[in-house]
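As written, the chain order gives the labels A, B, C and D, with residue 1 at the start of each chain.
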Amino acid sequence: MSTLSKAELFQMLNHMAEVIIENEVPFCELDAVAGDGDFGMSIAKGFKVLMAQWETLNRESIGEFLADCSMVISENCGGASGPIWGAGFKGASKATTGLQSLTKAEFASMLESAAELIQKRGKANRGDKTLLDALLPCVDALNAHKSDENSFKMFLQTGAMAATEGAEATKKMIASRGRASYVGERSLEFPDAGAMALSIIFTAISGQVLD
Amino acid sequence: MKKIINQTDDIVIQMGKGMALAHPDKIEFEEKYKIFKRKTINPKKVALISGGGSGHEPAHAGYVGTGMLDAAVAGDVFASPSSVQVYHAIKQVTGEAGCLLIVKNYSGDCMNFDTAAEMAEEDDLKVLSVYVNDDVAVKDSLYTIGRRGVAGTVLVEKIAGAAAERGDSLENVQLLAQKTIEQVKSIGVALTSCTVPAKGTPTFDLGSDEIEFGVGIHGEPGIERRKSMTSHALAVEMLDLLIGELGLTDEDEIVVMVNGLGGTPLQELYVFNHDVRAILSSKNIHVYDTLVGNYMTAIDMAGLSLTVLKLTDELKALYDAPADTIAYHK
Amino acid sequence: MKKIINQTDDIVIQMGKGMALAHPDKIEFEEKYKIFKRKTINPKKVALISGGGSGHEPAHAGYVGTGMLDAAVAGDVFASPSSVQVYHAIKQVTGEAGCLLIVKNYSGDCMNFDTAAEMAEEDDLKVLSVYVNDDVAVKDSLYTIGRRGVAGTVLVEKIAGAAAERGDSLENVQLLAQKTIEQVKSIGVALTSCTVPAKGTPTFDLGSDEIEFGVGIHGEPGIERRKSMTSHALAVEMLDLLIGELGLTDEDEIVVMVNGLGGTPLQELYVFNHDVRAILSSKNIHVYDTLVGNYMTAIDMAGLSLTVLKLTDELKALYDAPADTIAYHK
Amino acid sequence: MSTLSKAELFQMLNHMAEVIIENEVPFCELDAVAGDGDFGMSIAKGFKVLMAQWETLNRESIGEFLADCSMVISENCGGASGPIWGAGFKGASKATTGLQSLTKAEFASMLESAAELIQKRGKANRGDKTLLDALLPCVDALNAHKSDENSFKMFLQTGAMAATEGAEATKKMIASRGRASYVGERSLEFPDAGAMALSIIFTAISGQVLD
């Protein structure tokens, strides 16, 4: 399999929502260390609404579907997560307007566009200890491997590994964006909640894709 | 977790309705976008909107009313309201004079309020914002998003509210709010953690003889963990920080706010105020007015924050203006 | 025990001074006998005095002012003031119109206030008393000293205060206070114990899923220990008790007070008020006014009490009269 | 020794104050079970003031001294304890006006008079689960043995034993006076704080009297 069909992508997003909802409490706990402990709740809330409205989302194309997701997420995820994840889905939708399936290269540029809008919205950079520190390495890895002959699953798993390494590396960073930034050096030794979440999500969904 | 609640999902809506039912003369609650607003809106004056995550009650719904806010938008507990919520609040209360958003400086709040302002501007509404950042526990550095907004926000709402009620222009209300922000500083201390209902366990753990010095109103860590201290010793350190930040001298006149974080008995707030006054009077700093109570809480956290507002003649006149809200009367 | 205090011995004096410093326009604090009193006493009107053990802040000092009390006498935490203290309070505020003592019905308080009244009568002052006993958790039996006085006391102070301010005679003020006492009932529930500063450990222990149903404002045991309940289920049971006691029907008009016991977040009080209103409206009982907040606390106890006052036209007119105190405005 | 001198009685009262102050916390704990947990504090507070003013009290006679004690206690003991113990000392003083020493019979009637005024003030009866349930049996025992040929110490120890038994017996009573009365049957199985205190005090002071 070298492309991901629209249906497969929707399935993947559905699984992503499930993972987020299942991890509500662990995600809160990650945020409690140096943040305010609501990350799991904030993000799960939007994805619960997304699940509830699942059947009503516009399925004409991947881009259209992702744009609808972005609206629901912006409106229903609390805290920083609403704008950040809303921007991410909006970026993803911009790169996939009209598409009915995704090649590896298209998948990589979808995530790249997501990362760009997140950066624009939240003004964070690499090293600021945010989810970008998992997302940007993931995008890099996907770009580096988008022409490999491997399965889509292996391609995604390469991305997941990069995200996980990136999340791991946030332990060594001092937060300068988001609530954890207020505690300065006390955020050391603990990973960023958003970055960890991204790694968990990506690992889970890449594991479920068929070979 | 033991709390007097029902499902945690619905807590903000039930609270909002419970609040509107208790104060039908003062506020309305719109469930869909979780907006608290005055019963009658004066479209000729600058509208004032604040809000943010819930869990800080009486903030901000408690400050909706004459002389203070026109609307307060409530997010979930400790989570900023969405841009869509804020946008609808702006739409509902803003007239020709425009609208000022009073935002506590957290990345989530800033992003959501800013996006809402952009959306409202597309509808040709005049919207300006100020960002309250009074918490001196946080280092103000170029590399971070700056300082957190905490209890000082209430005094910004008071003074901007008086300016708006007086008929000042949007630009002037913003300017006065900004001047207040520059003169108001706060520092908090926690004796226990808060417990976010949806999470169900304390956000952090403190030993039985430990306090978190510099804690945030969401239970974010502060300056450092310390051994318990007496009220007097705490007052000395907290005042030192605030006096230093504001550069107070014996010429200055200030407003003092001793704010309970939700689980603190009033008894302790008044004991602490007694210590604060002893120290201030030894430094000849004149206290113009004192507020003691739960103004900006962190759900059920035991602990308090101390806020000092340095008055100028301009701010004093506005501070003295009447206000009639659920949680603040003047 | 973690508390923001200094020596426990001095806590009431430091608190009293801290309170007077925060509200110099409203009250004076006399350290020797721990008396809070109005800045200016009107010797023509009936004087109203209440008080009792400390630890119930804002009660009673918070209710000194126009339309409510003339003086509040503070004992140590949870201990009645001495007869000598009460006697001095009577001497200081009582003029030709005489003085009404509003006593919460505890044996210690009754003995001390009664002795003080006898002492003052020896000085030819006219002194009458009423004993508030609104707590329905306690069985009212011939063999006990009767029911405890709890948060309903605030409403008795409000209504008697309005009568006194209006210029009613001592006998009439007493009669109206007595009528209020007959129409006001309360019931409390604790989620955690309070901790008396001098003792330093919780008065009682509750399991992590237990509540004390019917708790007193000193942490005295109540009706029974229970498993935790939702806000709605609690509201049903508590209202059932109060409605039964007052014999409320769908003709009746009531005042509802949802009172936090000191460590309860305002969030929960409003959620609970929402449930209370849903139940009352299903029974067609009309709510004339609602008070939500910390009115009569048990230091730092988490939990709340619910008070219902059944209005008559006579009481309503007095309830509506203005009041201007630290903790109650009208 | 068949009489107690004024100095010995003052010494005994001084020791009583010490015992009360030392037992502040345990006395609070006794009251916490069914009352409000402040008994130790309330009573210790008055006796601390008594100790502080010790040298200034009127020493002309036992009665005068006890009257002064009564004033200090009424004014400085908190809660129910101020009026109750104040009444007790006032009663004791009434029975000892002008006396420079006490016979056993005089000692017994001093306590009897104390109990009378406590009853008058607090309107409690035997069996109401108050300190009277230790004091009244103690008075009975002293009256029964006031003509025995034993030492004063043995005489007092007889009273102490009766007080202890009386306090013990309060476990089986349902309180009907004081704060514990509000809990009805839940006060069963726990002794009354005031009665226990009386037994502890009496046992301690009778132990210190010289043979």
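Here is the rule we use: a contact is a pair of C-beta atoms (placed from the backbone, for glycine too) under 8 Å apart; a residue touches a chain by one contact, two chains touch by 3 or more.
No experiment lies behind these values; they were computed from the predicted model shown.
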If you check the contacts of chain A and chain D, which chains show up for both?
none
Determine, using the mean of C-alpha atoms as each chain's centre, which chain is farthest from chain C.
A
Per the C-alpha means, the centres of chain B and chain D lie apart by a whole-Å value of 55
Could you tell me the distance, in whole angstrom, between the mean C-alpha positions of chain A and chain B?
32
In chain B, what residues contact two or more other chains?
77
Among all residues of chain D, which ones touch two or more of the remaining chains?
none
Is the way these chains touch best called a line, a ring, a star, complete, or other?
line
Pairwise chain contacts, counting only pairs that touch as defined
A-B, B-C, C-D
In the complex, the residues of chain B that touch chain A are 53, 75-85, 106-108, 111-112, 115, 135, 137-139, 143-145, 147-148, 196, 198-199, 203-204, 216, 218-222
Sort out for me which residues of chain D touch chain C in the complex.
24-25, 28-29, 32, 34-38, 40-42, 45, 74-84, 121-122, 175-184, 186
Quick one: which bits of chain C touch chain B in the complex? Just the residue numbers, please.
2-6, 11, 14-19, 21-23, 54-55, 57-58, 77, 189, 191-192, 208-209, 211, 228, 230-232, 234, 258, 262-275, 277, 287, 290-292, 294, 297, 299-300, 302-304, 329
